[in-house]
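Before anything else, here is the set of structures, which you'll find just below.
You will see subunit A twice below: alongside subunit B first, and alongside subunit C after that.
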Partner chain A sequence: MTKWVAKGLRTGIKSTRYPDTLEPAPGVSPGRPAGTHLDDDESGARLCGLCPTGALEAEENGVAVLLDRCVHCFRCLRGDAPAVVRWEGDYEWAAIEREAEDARRRLGRAFGRSLHIRFLDAGACGACMSEARQLNNPYYNIHRLGFFITPTPRHADILLVAGPLTDAMRVPLQKTYDAMPSPKRVVAIGACALSGGVFGPSFVSAGGVGELLPVDVVVPGCPPPPLAILHGLLVAVARKPPGPLRSAAPDAG
Partner chain B sequence: MTEARNSAPTATGARRDDFFEQLPPALRDGLRVEPGSDAARCTVVCVRQKLRELCRWLFQEIGYVFATLVVEETDAPSWSIAYLFYGPERADWVHVEIQQGIDERTIPSISDIVHAADWHEREAEDLFGLTFEGHPRLGEFILHEDWPDGVNPMRKAFDARGRPERLPETQWEPPTVLQAPGAFAMPVGPVFSDYAESAHFLLETVGEDVVTAIPRFFYKYRGVEKIAEGRTPEDVLLLAERFSGTSALAHGLAFCQAVESVAGAEPPPRARALRCLLAELERLRHHAAAIKGICESTALAVATSQAALIEEDLLRLSCGVAGHRYLFGALRPGGLTLDLAEAQGRELADAIRRIGTRLAELQGMLQYTSSFLDRLEEIGAIPRRLALDYGLVGPVARASGIPWDLRRIVRYAAYGALEFDVPTEAEGDGYARLRVLFREAEQSIALIDRLAVNLPAGPVAVAVAPREGAALGMAEAPIGAAFHWVRLDASGTVSRYRLTSPSFTNWHGFHLAAENFAFQDFPIILASLGLSNAECDR
Partner chain C sequence: MPGSEVLLGLFFALCLAGVALACLLPERRQPSVLAWLGSAAAVVLILATGWQLLSEQPFALRLWPMLPYGTLGIAMDPLSALFGLVVGLVFLPVSVFSGRYVLKYLEDYSLGYFCVLYFGFLAALVLVLVASDVVLLVLAWEVMSVLSYLLVNYDDKGDEGTRAGFLMLAMSEAGTIAIVIAVAIVANASGRIDFAGIRAAVPHLEGAAGLTVFLLAFVGFGVKAGLIPLNSWLPRAHPVAPTNVSALLSGVMVNLGIYGILRIDVDLLPPIDVGRGLLVLAVGSISALVGILYATIQTDLKRMLAHSTIENMGIVTAALGAGMVFSAAGFSALAGMALITALYHMVNHSLYKTLLFLGSGAVETGAGSRDLDRLGGLASRMPWTSVLFLAGAWSIAGLPPFNGFVSEWLTLQTILRSAVLSSAGVKIVFALAGAMLALTAGLAVTCFVKAFAMGFLGHARSPDARDAREVRPMVRAPMAFLAVCCVLLGVLPTYTIPVLDCAAAPLARASGKDALVPPFFRLPSAGGEGLPGPFVREFHDLGAQIGREVLPGRSLVVLHRGGERNPVVFAMSTSYMVVVLAILLILAYLAFGRATRRRTVARRPAWDGGLRRLRPQLTYTATGFSNPVRVVFHALLRPTVIEETTEAVAEHFRTAVRREYAEVHVVDRLVTHPIIAGTRRLAKTLRMMHIGRVNAYAAYVLVTVLATLVVGQGGDILSRLMTGLGISPE
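For the complex of A and B:
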């Protein structure tokens, strides 16, 4: 066993300094499209036509992006159209659709540094879960922030849900939520959980988790990278301000 | 044609005669052997009375492997029910097809002869309303108990957006197999563990030891095959990539190859080589994650962290190469959406070699950690004979001594020109599976290292004009063989998409590894098999 201890010590500290400073390592986020200034309406319309999920919206001076709908198909970046969208490499993607009015769902300051999270797969493809799982790896190490993944909903303050919500997962999701003590919040991660993504709504799936549960924080992305999910958790306990859900076209390119 | 691209050229007629000559005389009557769309394939149109005997001969006498069952509703209207077999040593394909009127809903079951067809028949019964005569266990499978009887969502007339009224107050009644004094069942799931995909396991036990584990799946059924119908190939590619995000590239590739086969398009050499590079990058990342899972299941914290660091580094590398950590959006029918610059290739090769050193060090430390080996050795063993009977695929099959790999058999993309080993082990237990993962990762590293600095010049895509027809696309996904059957209609949209994933195939054999074990070994058995429910449930 001593060789493992020595190996661990030799490896040193790998953890990111986020949220104190931004993480500079390349590859922590695929980035995403942002509102783009375009001079002519025609290329705006052509760009909007490329998007399979209706995430691009033509505006007077370009295209805006409905960020919760983007599924990272890259058509607006690598498509055949002459104009491409602006691409932003950040990861602070979590947003709040509406502030919880219900006191049973609001988490006070006391939870800011002691937060227990139950992950739930409501029909996700595996990529969202894989990214959420990275939060426990030494690079992200959420324990240093007082955040813990718990196997039981009885100990959970936050329900972290991925997937479009398949019909067979409706009852398990509701039961898990009901088993959590108040106050509690729901954080939905990934395009599927937000709007159904490329799957829902359909004959066996809803168009997102919001159809069953009150969602407090949404984290767009397909999948959202670990730092975006971490941002979502920080937003849920008010340690970070939320980002926007819509990126408007700027006035000038 | 994808299937034939790198195999020895054979005249189509010769291939058909060849097959006919092999057939025992008693089987020849009532069969019509038709040449396939390419040299390595033929279709045998079979009468119902001969189906079981022909399948028995293919599987038991000449060692062909069952790949998938493709049920189609033709315009006639009639049923076309095709059993796809391939010869792993000969790299050729036989499609055994039954054609019958749309009102004829019964067909003989073959799953007592070819056990790998078991779940395929149950699925077809559930989704198409066909009845497989002689099958011991039909009924609720993919659609759970609240789904109304007689509504079959894969039928053409069913609307993919329709919401049939569910049966009220239905309750699942767990089956009990074990009849012994004091026996009880422990339900696990669908929500369990820290991070687990939604699936349910019923562990039957008499106390300490678990006698059998009965899985109940398809909590994550998203109806991918159904919702693909009527969409363009580009939009179905989004589904192919995203139904199982951790093996997106392999499934996207299988789908693209099917579309290219229908269209008669061949991606340029650079695209084919780059596809292999990305596929190996995905395999490497997947295997690193699977190794991490095994270390985690045995609670070896430092090893888990070391493997997790490698996995995250590979995710970041993937993002640097393809713009996405899980390689979404890299493929398109006809080639790729992106290219790799020369400097990028050199950097990738350097980075991959460093990863190789770290993986080798991790393996070296693990193989001398006796507390770790004690948890893996003789755990979840699957003997070779049973692995063959169940048609298991991928690293799980190779750990039981079955050396098959579609990269070798079909030689798709650029694999025909690449040299690599397909490692096997004999024991079929948890430790054998771990060793296969490490050795395959080593092969992937060598392939990426070579490919990244030796890419052929030229464009990375050709235009693909979809036309009417059907084809099978195949790829060796990280978990094993993936088969995507795609039919395009005259307007160029997808009219039938049959998706057979390695997790579906291997979960069928899961219970072989989960018999008579100690309860605390359950997570280790799950981790050592490394299967995905998203990939299985579709």
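For the complex of A and C:
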């Protein structure tokens, strides 16, 4: 027991300092493509053709990235690409899809330090769940921020959803949302939950949680790293400003 | 107002008329005979016994001289009157209920036969109670036993019913034999058969003879009371009997076991030995605990109630045993208190158990099942039955303001009074008994929360329960009557205790009335009637005398007074408690309403884990609710688990698991089954005699004759025999 305490004291605090300071550790985020300036239109069009989910959009001066579609396949970064897109290493990816500023701020005040989260897998492949599960571990330790995972929607303020919303999960998702007391917010994480990802709208999936529920905060990524999900939660309670959902091409390189 | 002997005669005449009408009238008129004549007889009985209890003038009628032993006769003393009152209070609602209930037998069985049995049973029950000598007691007892067996087997339930009936009859007859031997010893020792004569002579019956009589009577009457280890018939007979008969068995007939124990072991043989009282106390406590344990794990409503009867009779017997110990140790007032407690609990049990059995009958009629795992959601379909069943469950669980609370609380307080006893060993037995009874009270709450919640709340678990229909008013009215009785006995214990004291005081040779209910209403402002001045003044400051002008009676506080250092040992008033609770509830309701005035309430369906449809099979069942008890008491219950697994796809993929639990009752396992096995072994051994050769049988006869001659006064018989055969001894 004494050793245990001593070891703990010797080790010190290993949790991340985010959101007070940005995380410097490498490898925390896989990074994501950003809008890139290209001089020739032809390579831009070919680049767009490479993207499996249509996340790249040709513009006059280059390619823009629709971040909610990107699945981090790295095709636009590999050597066989006609041109290489710009790659960003940060992780503050959460954005606001709906114009709900006032409502969000109200939730933020009341629930700033005690927010209960119900996590729901609406047909995800497992990657988003694997990332979201890290939120509770000692490194990310969301309890220090007043966030708690709860097993029942009756106690939940935020519904954290991953997956493209398969038909089988449509009823459970609706029931879960209905069972939550107001005020309540929905945070969708992962490309699937945002746009259907590689599945898209298909014969078994709706192509995004937004098809069924009003989504307040979106966290792009495939999967989004834990810190990005954490950023999404902080955005939901207005403790962090949201980022963009579309990365336009800059004018000049 | 005619005297109670006239009313009693009228009662027997009504029973006789019932039997006669049952033989004469056509089938479809029988239910109304049952309802009207049965309730009329019950009302007459209530009047006769109530009059007897209040007037306190015992009467005796001599019927048939049996010189030189005495006279067969009937008499009614307060003890008989109290038990008779309970019989009346139970038969009144049950008769009304039966008038509707027996209609379901109209096509298949003879209702006239049922009516004959019913009125005969009623008359026999009362005859047991009013018999003033041991011969009539045993005769009436036997008639009652046989009639109860016939009533239980009235409805043909196949093999199970036949076996249950035979077991009931066999155990009952074994008990009767024990009783007959006991009364034969008593009558032989005293030379008299009437109670008064025996009472005068029997104090000389000490030593081995006294102990034998005590044990035989305790065993013989204990069979009827369903005490451990003589209870095997009870949980088997109740489920197969018609529901109104179950109510009579549990509401009335088991009481007669207590009556017999009281009559022989307390009234005729004064308790002089602490050890006997401790035996009764121990048997009672163990019965209570084992009874409620098996009740908690049952899912069949009637079987559960039957096990609970064992529990309640155990509590009564434990209080009785405590009274016998106090009496033997010389604490007469405490003995009176304990006997009042025992009688109080017995009366309560009769009322609420009848209510619950009628409730289970109503559920069976309305919802087509009494398996709690197949019921559910009846509260919305059968609101009246639900409320009345809830009243019964509330009472039996021992929660205020219903009657079960008063008697269970008094039982535990009585056990705690063992502090006055000097022997440490006796105190340890009392402490263990108290612990068992407290555990029993806790489990009783679990058991009846299960019964009500799983039966009446939640989702319906079967189509029949979903389409349940409320029963008719004539079925609900008897239950309402019993529920009102339960509330009254719970709210007004200070009016009940003096009545019970009439019956208990002669047995305890002291009145427990003053020890339990101080007469605050009769006192002048301070002092008087044996209560010390400061004590009275203190309670006047608290307002114990409020209502003196309007309320007749002694007071509204049950209070046991101690010595100088400890003036109040325990005190309780359910009457005031009800008033305060009602005020608090109203205030809380108003305050809550005011505090949440501006809130809007969002009503959402129950959270079901996001399932497409919440199937009733997925909800909490009675088996699931009681499983913690099953796990904790695994060592005692020893359930056998039968698991059947259906596998598919390469033998690893389970498609269905079916698991069945079966418990063999601990008494069956340890007592009944070994006795049966031993008897079978003995019979098998004796069978070897039968070798099928005439010579051998002739040899047996010869050997037997010779043995008789040798063992008996051989020479005498031998010479007579030879003379008879014409052989001269010379």
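FYI, the second predicted complex is superposed on the first by the 233 of 253 C-alpha atoms of A that agree within 3 Å, B and C clash if a C-alpha of one lies under 4 Å from a C-alpha of the other, contacts with A are read in each partner's own complex, and residues count from 1 in each chain.
Going forward, a contact is a pair of C-beta atoms (placed from the backbone, for glycine too) under 8 Å apart; a residue touches a chain by one contact, two chains touch by 3 or more.
Please read these numbers as outputs of a predicted model, since none were measured by experiment.
Asks: Examine A:V204 and indicate which partner it touches, taking first as subunit B and second as subunit C; both and neither are also allowed.
Replies: Once the two structures are laid over each other on A, A:V204 reaches subunit B alone.
Asks: Of the partners subunit B and subunit C, which touch A:Y18 in the superposed model: first, second, both, neither?
Replies: neither
Asks: Examine A:T176 and indicate which partner it touches, taking first as subunit B and second as subunit C; both and neither are also allowed.
Replies: It touches subunit B and subunit C both.
Asks: Check whether A:A132 is in contact with subunit B, with subunit C, with both or with neither, and answer first, second, both or neither.
Replies: After superposing on A, A:A132 lies in contact with subunit B but is clear of subunit C.
Asks: On the A-aligned overlay, A:R154 touches which partner chain: subunit B = first, subunit C = second, or both, or neither?
Replies: A:R154 contacts subunit C only, not subunit B.
Asks: Does subunit A have more residues touched by subunit B or by subunit C?
Replies: If we count touched residues of subunit A for both partners, the winner is B.
Asks: Give one of first, second, both or neither to describe whether A:T166 is in contact with subunit B, with subunit C, with both, or with none.
Replies: So A:T166 only meets subunit B here.
Asks: With both complexes superposed on chain A, which partner does A:Y91 reach: first (subunit B), second (subunit C), both or neither?
Replies: neither
Asks: Which subunit A residues come up in both lists, the one for subunit B and the one for subunit C?
Replies: On subunit A, the residues that contact subunit B in one structure and subunit C in the other are 153, 172, 175-176.
Asks: Can you list the residues on subunit B that touch subunit A in the complex?
Replies: Interface residues on subunit B, with respect to subunit A: 143-144, 153, 158-164, 166, 190-198, 218-224, 226-227, 234-235, 238-239, 242-246, 248, 289, 300, 302-303, 305-306, 308-309, 311-312, 315-320, 323-326, 328-329, 337-338, 365, 369, 371, 532, 534-535, 537.
Asks: Touching residues of subunit C toward subunit A in the complex: what are they?
Replies: It comes out as residues 602, 604-605, 607-608, 610-612.
Asks: Spell out the residues on subunit A that touch subunit B in their complex, using ranges where they run on.
Replies: Residues of subunit A touching subunit B: 1, 3-5, 7-8, 11, 14, 25-31, 52, 71-75, 77-78, 118-134, 136-139, 149-151, 153, 163-164, 166-169, 172, 175-176, 197-205, 222-223, 225.
Asks: Of all residues in subunit A, which touch subunit C in the complex?
Replies: Residue positions touching the partner: 152-154, 171-173, 175-176, 178-179, 181-182.
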